[in-house]
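Both complexes shown next keep chain A, but they swap its partner, so chain B is in the first and chain C is in the second.
So, the complex of A and B:
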C-alpha cells in the first residue's frame, strides 16, 4: 500500500461521499456545498495524475466559479427550496437504470486488459506542455472555444436580462 | 502505482450517481449540478488515460481544458435560462417546464 494509493482512497471517498451527500440532503444550499467537496477532491485526483494545471483549473473553475454561480442561481430563485421527492416508482426506475449502467461499465472495465506500465514522468512541465499543444496543434479549437465563451456571455446576459415590455410586444419586435 | 481501472471505476461510480441525480431531482439547479458531476467523471477518465493509457500523451489534458471551458459556458447559460424561467413561471421545478408540450 503506497502513499499514492492511500491518497487515492481518501480522495475517492471524499468524491463519492460528497456526491452521495448531495443526493441525500434535502436543502438545496447544502447540496451545493456538498458538491464543492466533490469538485475539490477531483482536483486532488488530478494532482495524483500529475496534471497540476488542470488541478488548479478545476479548483478555480469548479470549486470556485461553478459553485458560486449555482449558489447565485439558488439565491435569486427559491433560496429556501427543499427538493421534494418524486414518486417512488420513478426513483426506483432511475436507480435501476443507473445501477445497470454502472454494472455494465464495471464489467467492461474489468474485461479490458489495461496496459500496466509504470508511466514515466512525461509531463515535468505540465503547464508549458499544455500551452505548447494548445497553441500549435489545437489553435482553431482554442479560438472556437473563445468564440463559444463570448457567445455564452452575450446569451446569458440577454436571457437573464429583465425585459420591461410585454411578451407580445417582444414577439412583434423580433418578427 | 495506481492501476488505470481504479480511476475508471471511480469515474463510472461518479457518473452513475450524477445520472441518478439528474433523473430524480426536481430542482433545476440540482439537475444542472448533476450534469456537471457527469462531465467531471468524464474529465477524470480523460486525465487518467492521458497519464496511464497505452500511449501517454498530453492531448488528454488539452481535451479536458476544452471540456471544462464548455462546461463553464453551459453552466452560465443554464443559470440564465433558469432565471428567465423563474421570472415567468415562479417555479424552479424542472417537471413544470412543459410549456412547449402544451
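So, the complex of A and C:
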C-alpha cells in the first residue's frame, strides 16, 4: 500500500467521520466543529488529487470563511441550542434509504470501465489552466456569478439591516 | 484570448440580457440617490421601459439562425427566444401588478424589490438560452437567490419569514441534488456542453453504462423539479405562495416555473437525443424508465395539487395547489417528447409548441387571477373575500370567472385549448393512463374553481362598497382577459405565430462553425 493510499484512507475516514458526527452530535457548536473537520480533510483529498488550487480554495472558503461565519451566526444567536426532536422510525427509514442508495452507487460506479489516464499529467499548471478557462471559455457564467453575488449581498443587507423606524410606521422606509 | 477575439463573438445576440442587466444596475444606482421618503414607483416604470427594450431586441434577434458565444455557453435559438418572450411578458405584468399604489406604500425596500425582480428575470433568461451545464446552473441559481430575497423582503411579516426560510432550505437541498446529478454527468462525459454530453452519453450507453446514466439524469431532474414545483419538490409552494407578496407569488408561479420548464426540456431532450441512435433495446429501457418516472411524477402532481386545493380556504394557497397541478399538466408533453424521441417523431409532432402554448395560456390566466388576488387581498386573502364580487364589481367578477374557467379548462378559453393539445400529445405518444389521470383530475379541479365562482355570484358580500382598482391593475386584467380569449378563440393563429416566428426545434441544432 502506497503512502498516497494510506493518506487517502485517513482523509476519507476523517471526511466521513466528521459528516457522521455532525449528524449525530446534539450541540450546534459541536456540529460546526465536526463539519470543519470534513471541510479540511476534503481539502486534503484535493491535494492528493494534485489539485492544489482547489485545495487552497476549499481550506480558505469552507474551512475558514464558512465555518467561522457559521460559528459567528451561532454565537450571536442561541449558542446553547440543542437538537432535541428525534424520531427513531424516521431516522431508521432515512438511514435505510441512504444505505441502499449508497450500495447501488458503489455497485454502479465499480462497473464503469475507467479509461487509463492518457496524455500529459493532470497537475501541469492546473492553477493557470483554471484561470485561463474561467476568464476565456467560461466568462459568461463567471460574470453572471458576480451578479449573483451582488444579489446575495443586497439580500443580506436587506435582511440584516436594522430599520431606523419601528415596524409599524415603516411606510416608505428606505435608506 | 485577446480583445479582438473577444469582440469577434456575436455579442448582439445577448442584447436583451444586457438591457436587463443595465436596467437593474441603473435602478440600484437611482435607488441609492433617490430621496429617502419619496415614492419609488417611477423606478418600476423605468424597469418596465427596460423590459420593453429587451423585448424589442429579442424580437429583432428572433428571426436569425442559431448563433452562439464562447462554446455555446450562450446560445440564440428559437426555443430560447420563445421562452424569453414569455418571461419578459410575465415580468412586465408582474411589474404592473406591483405598481398598485397602496401596495407600494406598504412595501419596505421598494427599490430593491424592483431590481431583484429584474435580476431574477435575467437568471430565467440565461437558464433558457445556454447549452452549457455551468451557465444553465448559474442562471437558475441567480433566479433562485433573487426569489429567496424577494420572498423574505417583507421581513416584519411573520408568515413571510417562515415561508422564506422554508423556501431557502428546500431550495438549497434541491440545488445540492441537482449538482450531485450534474457531477455524475460530468464524470461520465468529461464535458459540460450539452451536445458533447449527448454524444458521449450515447457512447456510454453502448459501453454498458446505462444504469449510471439513468441515475445521473434522474437525480438531476429530481433536483430541478423544485423550480417546476411538481412532486417530489412541491411542498414549499403553498407556504411560499401564501407568505410572499402577491406580485412575487405571481412571478414565482409563472416566470420561475417557466424557466424551470425551459431548462428541464432543453437538458433532457438534448442529452437524450443522441442516445436514440444507440442500441435499440438499451435505449428503450432508458426511455421507458424516464417516461415512467416523469409520468408518475406528473400524475402525482395533478392528483395531489387538485385534491389538496379543494380543502384550502386561503386564495393564494389554493392557487399554489392549482399551480402544482398545472405544472403536472405541463410535464405531460415532456414525458411524451421523450417517448417519441427515438422515432424522430418529436420533430414531426408539435410537443414543444404545445408546451409553449400552454405556458402562454397559463401566463395570462394565472397572472390575471393573481392581479385580482392583489386587489381583494387588501381586505382579506381568504376565499370569502371574493363573496359578492359580482355585485361590488361586475366587470372584475366576469374577468375572474374567465380566468377560473380557463384554469379549469372550460371550452372557448385558452386553458381548454392548451389542455386539449396536451391530451392529444399524450395519446399520440401512447400515454393513455396519463391522459386518463389528466381528464379525471381536471374534473376534480372543477369543484374548487367553481367554489370560487359560487362565492363571487351567490354569496352576500361582507362590505357592500363597490370595489375599484387602480389603473395598472385594470390594464393587467384587460390584457389577461384579451390574451385568454384570443388564445382560446383563435388558437390556430397563436400556434401559427409560434411556428413561423420561433423554430423551437432549433434546440436540437448544434451550432456548426
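Everything that follows uses one rule, which is that the second predicted complex is superposed on the first by the 154 of 175 C-alpha atoms of A that agree within 3 Å, B and C clash if a C-alpha of one lies under 4 Å from a C-alpha of the other, contacts with A are read in each partner's own complex, and residues count from 1 in each chain.
Here is the rule we use: contacts are C-beta pairs under 8 Å (C-beta built on N, C-alpha and C of every residue); 3 or more make two chains touch, one makes a residue touch a chain.
Since the structure is predicted, the reported quantities are computational estimates derived from the model, not experimental observations.
J.: Is A:59 in contact with chain B, with chain C, with both, or with neither (first, second, both, neither)?
T.: neither
J.: In the overlay, answer first, second, both or neither for which of chain B and chain C A:159 touches.
T.: A:159: touches chain B and chain C.
J.: Can A:14 be said to touch chain B (first), chain C (second), both, or neither?
T.: neither
J.: Going by the contact rule stated at the top, is it chain B or chain C that touches a larger number of residues on chain A?
T.: B
J.: Per the contact definition in the header, classify A:147: touching chain B only (first), chain C only (second), both, or neither.
T.: So A:147 only meets chain C here.
J.: One more residue to check, A:111. First (chain B), second (chain C), both or neither?
T.: Touch status of A:111: second partner only.
J.: Using the touch definition from the top, say if A:73 reaches chain B (first), chain C (second), both or neither.
T.: Only chain B; A:73 stays clear of chain C.
J.: So, does A:139 touch the first partner chain B, the second partner chain C, both, or neither?
T.: Once the two structures are laid over each other on A, A:139 reaches chain C alone.
J.: So which bits of chain A does chain B touch that chain C touches too?
T.: 105, 109, 137-138, 141, 145, 148, 152, 155, 159
J.: Help me check something: in the complex, which residues belonging to chain A touch chain B?
T.: For chain A paired with chain B, touching residues are 2, 4-5, 8, 12, 15-16, 19-20, 22-23, 28, 31-32, 35, 38-39, 42, 45-46, 48-51, 53-54, 57-58, 61-62, 65-66, 69-70, 72-74, 76-78, 81, 83-86, 90-91, 94-95, 97-99, 101-102, 105-106, 109-110, 114-120, 122-123, 126, 129-130, 133-134, 137-138, 141, 145, 148-149, 152-153, 155-157, 159-160, 162.
J.: Note which residues of chain A are touching chain C in the complex, please.
T.: Contacts found on chain A: 104-105, 108-109, 111-113, 135-141, 144-145, 147-148, 150-152, 154-155, 158-159, 163, 167, 170-175.
J.: Inside the complex, what are the residues of chain B that reach chain A?
T.: Spelled out, the residues of chain B in touch with chain A are 1-10, 12-21, 23-27, 29-30, 32-33, 36-37, 40, 43-44, 47-48, 50-54, 56-59, 61-62, 64-66, 68-77, 79-84, 86-87, 91-92, 95.
J.: Can you list the residues on chain C that touch chain A in the complex?
T.: Listed in rising order, the residues of chain C that touch chain A are 1, 21, 28, 31, 34, 36-40, 69-71, 73-74, 105-106, 108-112, 116, 119, 122-123, 126, 130, 132, 134-135, 137-139, 141-142, 145-146, 148-149, 152-153, 155-156, 188, 207-209, 211-212, 215.
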